[in-house]
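Next up is a structure, given as structure tokens.
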Amino acid sequence: MSDATDNTILSVNNIEVIYDHVILVLKGVSLTVPRGGIVALLGANGAGKTTTLKAISNLLGAERGDVTKGSIEFQGEEVQALSPNDLVRRGCIQVMEGRHCFGHLSIEENLLTGAYTRKDGSAAIKRDLEMVYDYFPRLRERRQSQAGYTSGGEQQMCAIGRAMMAGPSMILLDEPSMGLAPQLVEEIFEIVKQLNEKEGVSFLLAEQNTSVALRYASYGYILEGGRVVMDGEAKELSENQDVKEFYLGVGGDGQKSFRDVKHYKRRKRWLA
Amino acid sequence: MNFFIETVLSGLMAGVMYALVALGFVLIFKASGIFNFAQGVMCLFAALTFVGVQEKFGLPVWLALPAAVGVMILLAWLIERLVLRHLVNQDPIILFMATIGLAYVLEGLGDLMWGSDVKVLDIGLPSGAFDYLLDEFNIYLEKLEVVAAVIASVLVAALAVFFQKTRVGRALRAVADDHQAALSVGISLNTIWVIVWSVAGIVALVAGIMWGSKSGVQFSLSLIALKALPVLILGGFTSIPGAIIGGLIIGVGEKVAEVYMGPFVGGAVENWFAYMLALAFLLVRPQGLFGEKIIERV
Amino acid sequence: MTFQANVSDAMTESTTAKEPEMMLAVEHVSLSFGGVKAITDISFDIHRGEIRAIIGPNGAGKTSMLNVINGFYHPQEGTIYWQGKVRRRMKPHEAAKSGIARTFQNVALFKGMSTLDNVMTGRGLKMKSNFLWQCIHKGPALREENEHRAKVEEIIDFLEIQHIRNKPVGKLPYGLQKRVELARALAMEPDLLLLDEPMAGMNLEEKEDMSRFIIETNQRYGTTIALIEHDMGVVMDLSDRVVVLDYGKKIGDGPPKEVQANQEVIDAYLGVSH
Amino acid sequence: MFYRETGQFKTNYSDDRAIFPIAQDRYGIMILLALAFFVVPFTVDDYWGNAIFLPLLIYALIAMGLNVLVGYCGQISLGTAAFMAVGSYASFKLMTSFPGLDFTVVVLMSGLITAIVGSLFGLPSLRIKGFYLAVATLAAQFFIIWLVNKVEWFYNYSATGQINAPERYALMFPVTGPNAPILYKYFFCLTIVVLAALVTKNIVRGRIGRQWMAIRDMDIAAELIGVRPLTTKLSAFAVSSFLIGMGGALYFGVWLGAAEPTEAFGIDQSFLILFMIIVGGLGTILGSFLGAAFLWLFPIAFKNFMVDSLGLSTAMAEHLQIILMGGLIIFFLIVEPHGLARLWQITKEKLRIWPFPH
Amino acid sequence: ADNELILPSLDYRTGPYAPGGIPYANGYADFFTMLNERDGGINGVKAKVVPCETGYNTKKGVECYEKTKNVGSGALAYLPLSTGITYQLIPKVTADKIPLVTIGYGRTSARNGEVFEYVFNPPATYWDGATVAIKHVIDSEGGADKLKGKKIALVYHNSAYGKEPIRTLEALAEKMGFELTLLPVDHPGQEQKATWLQVRRNRPDWVLMWGWGVMNQVAIKEAASIRFPMDKFVGVWWSGGENDVLPAGKDAHGYKSVVFTAVGADFPAHADIKTYVYGGGKAVDAAFEPRIGETHYNRGVYAGAVVSEAIRKAMADNDTKTPTGPMMQKAFEGLEISDARWAELGLPNFTGAVKLSCADHRGPSKIALQQWDANAKKWSIITDFVEPMDDVTTPLIKADSEAYAKENNIAVRDCK
């Protein structure tokens, strides 16, 4: 393994994704995640964030999507040649957008499926289960409930907890904060930070809550219309004027009240 | 009274035979959400293979059995490779349709390989009634069906434990809920499917052998699936114990109906009665007696 | 924009009136599922013409509350007053008919249909032409179809989803799906609009847009809105009054400022930073 | 390139909602109809008429009926054959009880009677869903067939329960019975099928159709926005059974001429029709036709090819045909899970942007 | 060859009834192949059996009919091998003027040639089978008067085919005072517990069976299980194939069925078939050789012989090598195969004489009983070939055919 791959855990090179053989969605996206880094993927609805993440974890096949160009390497291995479960075994797991809990399984069973690929014994799994419950006490209360009947937020916690159970080295998080109460959003990111710092887990997160995401991430990519239109250190990005306007709120400091927003055509769009 | 007991008893036994077939359906549905139309044909195919290798290659029974099991596993592997793998995450009805295609292929293949004639299947399972019961108590109970009942109970117990208690069992249920999410947590659908379809194939072989001992092995064997369907909805698509309990209820219900109601309305009521009975239960519990509740939440 | 003109006339009057008119009130409502108590003895009301926010931590019972309001769940205890009268236990479609529309937390669009058809479905209650005319698709049926199409196009314009008019909604990005959902609810011209996390999964810009749509709906057409949202900025800016739930109990009710300052609410929900 | 809609603008909603908004499609269908009405009838012989076109049309009609229920309203039914039987027996009773009745009226009334029976059996759908409902509809299948097989009144007390279609006229032209010329039979069926397709299309693109689809896609949400499950589901059952009932009347009266309940309306008929709509495309009218064509014509064509051209034995040909049929079904599903109709649509899509891939 | 005798064979070698369909279809085809190979055809014209797979399915039957009727110089006779398809084809063949020959199946009342001009059903109908079965009961019980108060059950395939004998048996029950119980079994008939429980409860003295396919095997097994005496269990000829008894093994020993052809392969014709057809590698189904002489096979041979004789007659009567459908119809109406002629055909003592006429499309009928010997795995004829009770069936045939004529506006021919 070369030096370059040694400190990048994931690199995406110029990929193009087509759905249904006709719908071109990603038009050349490249990004890298350094080992032990937290990288944010930002962008408007439909920019292709989810598609990018699915391409990485090789889940596109299930949606009749195809990576037609470019390559993705996880720890120096070509992802396309691996099956999704190989990827999980190698430590790359995705939290899918829209929760996707196993509705008929109880919360606890959901969490345990997360540990499906693990081979390090039930004691370790038990320990991690307790860890997840400690992070999300709400889940402990609901552990015997069928996931399908739990509230949206509970399901979101369950999905994140499930990924944590795999003991991964890299987590792809698709909109982790969606539907979570504000203090939980902070907590989630604290968890991300802790896992990152203590266990060295790398993160790639697609997140709409830009301000929080940029606060925790070290690097960011902005996606629009299936292309990367901007990237940079998280700090730089959050100071960028355009980013401020589009993703963080007009004034740099306090944002304007939602009541007063007027609709106007934005001055500049990267790809308009 | 004696006769009533006898009717119930043979209903129970017929129910066990239905349950054997229903079990195969339940397995696949529970583990991948697929309503496997081909289950009946798989019974036929398995039994044909079992008899076929004895007839054509002169294998003894103790070799034919593992050979048939091997063929069923191979079949499961092929099905995964050629069909299921390409249909991940599709609607249930699409997968259902694919299993219909599969049923066609197996039907043609079975006939082509082993011929359409009736084949005698005799592996020395006891047949006829228990003489003792018949002589002493005038109760008629078939030996073959008692054997079937024992086998079915063992199968059910084993499979129920497997699904509820083991890691793989949990994964199977997860797959049934959401293919993509299952993939995302590292469950290999490919392996899971091969496992499930192999197990279902083996269950089909067992069912095929039991039914084949009864009626010879030939095309009609595939139609026993129709007998299993009311059992399936009554017990619930997703419940292994449901298959057997549903089987018993349907078995007793239809026999009692045929024997006690049939003569007054011209007979042959058992088929629709079984379905009506299942329907009546469904109106009270739309997911069947033991099926997992259909989740309705917004 | 003129759709709903008739309704909004009546509405403007009522909103300008001094005394707030009660649109909906729940009193001592409790709901449990087996052992799980989702809602415990909650009372609150919604005034005509206001934007009422419901907030609370995850699993507090907010969605369940909406489900109670539009008749999907039936509370074990308590009374619901609708437009001043006690409401009987009713079927969801009857609630819809009486003027309650909603969007869903987990998008519940009709995935196999195009955006246009989804929104048109929202007009179903308003369309009357009989079956035989529908069969030949001429005369009243066609006229009606075109009239409603015109209204739906207005909504589509309003929510700026023209470009996806003919796309099947199943594969739209999440944010757009939420917008289509709003469009479908608006098409019903409801008196009371229930929104369950309409802005989840949106970035700031999109949230701004969405806020604008909500406010505009409220102001222009006088539609009463009940809103569940986890983005405090949005909630505080948009709503007239906020009710806070926690573990199925009500822990706060009042204007945003007041609620924000309530210590119990801060502890249970907002956390320190807000 | 070949299939471009550039330059075709719609200036009012009615045009936009036309069945074939694109000119090329409009011309295509006109040519097809012209062929069907003016060329085919004067070239068919008995074989093409009785073995190909009649069954094709009748199966398409029945498939369309089932498609309303399964494809548009999402209620899977396996009782199709039973409803065909209701239509057939209704037409038989009408034909024999009122010998003077025009066959067109007979067909319509058979449809109506079937619609009533169908709605009745649709009632459980209010509680039972998905595959549970599918299996539960088999209760209708077995019960109805049992009934018509058992109650002698249905088959006019004949010795074996067989029914035969006597000669009847539609607007002065004989269309049933052994002596009716294939030309009349074909015209009659074609007209009914084309009209039925038109009406069905009209229904599904209007309010009722949207409500069906809403129930299909997400019944809870549909109910919450004011769709009444009872009326919506039952109307789907009624319309579906109406079409199937008419199909049944034609199936027995015009095509087969005689029927025996357990065989002509056996459960494999129900399955066959279901396969047709799934292979053809759920929720499309076109799909009903394509599916009927595929599942009826392919086996015949293949059988004829293998027996006549390759000289295989009939048994061998049949086995191979079954295998190939199954294989093709799977193949098509893999290529396009949404059926032949969608495949056709994608082809058009590709033609439109040709020569560019996307 | 431009001049061939086109003989469609609507048979089934697949599906649930294939085990019954295969031997019959082989018998029919082999007989004509044998004529072609041994004699160079009929009067020098080769016969061409055109097989078409119906799968016992009426829709496919119609397709097969339409497909084969205009092959070459036109089909000369139809043998649909299914009661359902027969009903389907009756109006069609009449319109197309091609004889429909149903040997031991089909519509019984078609015997009335005045109504069913183009349908022939020599030498025995289901009703005849039923009466001979009852005759056997009478003989075994020791006289017709002994039947009074006896119980007879009919286990039948719940379809047009299975229902055929009911009217006759009802008439007989009334006449002879026995009690008839009807026990229908639905297709395919794999599960008959309830049926046999009822047999156990009612304890009928005799059980008759009109079964087909897997139903037969299961019934025989079940009967054995409840220890019903096998020698009081009588099936129709379609329930009397080797396939029906072999799966039941020893249990089937003593089971009986009615037949109208002899059993076994000890006939010159069969020998010729072996030499010319199987020996010459001309068989449709070469693996079938050891099974030549099975009961269903012999019925196929019988059908072949009858049709070939009609062709011969049509050729002779019209002095042509290219008979047509109407000529065939005439030939059938005058067809006569005496015992001596059967011998000439290589089938001595194979079956009774055939003699059809305008009014009588069945002709004389001779039916016997065969019994299964499970140890030797062989059927053997155990009674004389006797005549059915025409006095019972004739009025029934008249009533049924007249009703048919009325319903379908058919002008009744006058055969005098």
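As written, the chains take the letters A, B, C, D and E, and residue 1 is the first residue of each chain.
To be clear about the criterion, a residue touches a chain if its C-beta (ideal position, glycine included) is under 8 Å from a C-beta of that chain, and two chains touch if they have at least 3 such contacts.
Going by UniProt, the chains are A = Amino acid/amide ABC transporter ATP-binding protein 2, HAAT family; B = Amino acid/amide ABC transporter membrane protein 1, HAAT family; C = Amino acid/amide ABC transporter ATP-binding protein 1, HAAT family; D = Amino acid/amide ABC transporter membrane protein 2, HAAT family.
Predicted model only: the values in this text are computed from it and were never measured.
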Seminar exercise, completed: Touching chain A and chain D alike are B, C
Exercise. Which chain maximises the distance between its CA centroid and that of chain B?
Worked result: C
Exercise. Farthest from chain D in C-alpha centre terms, which chain would that be?
Worked result: A
Exercise. In angstrom, rounded to a whole number, how far apart do the mean CA points of chain B and chain C lie?
Worked result: 48
Problem set entry | Gap in Å, rounded to a whole number, between the CA centres of chain E and chain C | 74
Exercise. What whole-Å value do you get for the distance between chain A and chain B if each is reduced to the mean of its CA atoms?
Worked result: 43
Exercise. What whole-Å value do you get for the distance between chain D and chain E if each is reduced to the mean of its CA atoms?
Worked result: 37
Exercise. Which residue numbers or ranges of chain C touch two or more of the other chains?
Worked result: 63, 72, 104-106, 108
For this session: Two or more other chains in contact with one residue: find those residues in chain E.
Result: 13-14, 22, 158, 186
Exercise. Tell me, which residues of chain B touch at least two other chains?
Worked result: 111, 116, 266, 268, 271, 298
Seminar exercise, completed: Full set of chain pairs in contact is A-B, A-C, A-D, B-C, B-D, B-E, C-D, D-E
Exercise. Of all residues in chain A, which touch chain D in the complex?
Worked result: 18, 20-24
Exercise. In their complex, what parts of chain D are in touch with chain B?
Worked result: 70, 76, 124, 127-132, 134-136, 138-139, 141-143, 146, 149-150, 220-221, 224, 267, 271, 275, 278-279, 282, 315-316, 318-330, 333-334, 337-338
Seminar exercise, completed: So, in the complex, the side of chain B touching chain A is made of residues 88-89, 167, 170-171, 173-174, 176-188, 190, 238, 292-293, 295, 297
Seminar exercise, completed: So, in the complex, the side of chain E touching chain D is made of residues 11, 13-14, 22, 51-53, 55-59, 62-63, 66-67, 69-70, 83-84, 87-88, 90-92, 94-95, 107-109, 158-161, 163-164, 166-167, 186-187, 284-285, 396, 400, 403-404, 407-409
Exercise. Any idea which chain D residues touch chain C in the complex?
Worked result: 12-14, 17, 199, 202-203, 205-208, 210-211, 213-214, 216-218, 220-229, 235, 283
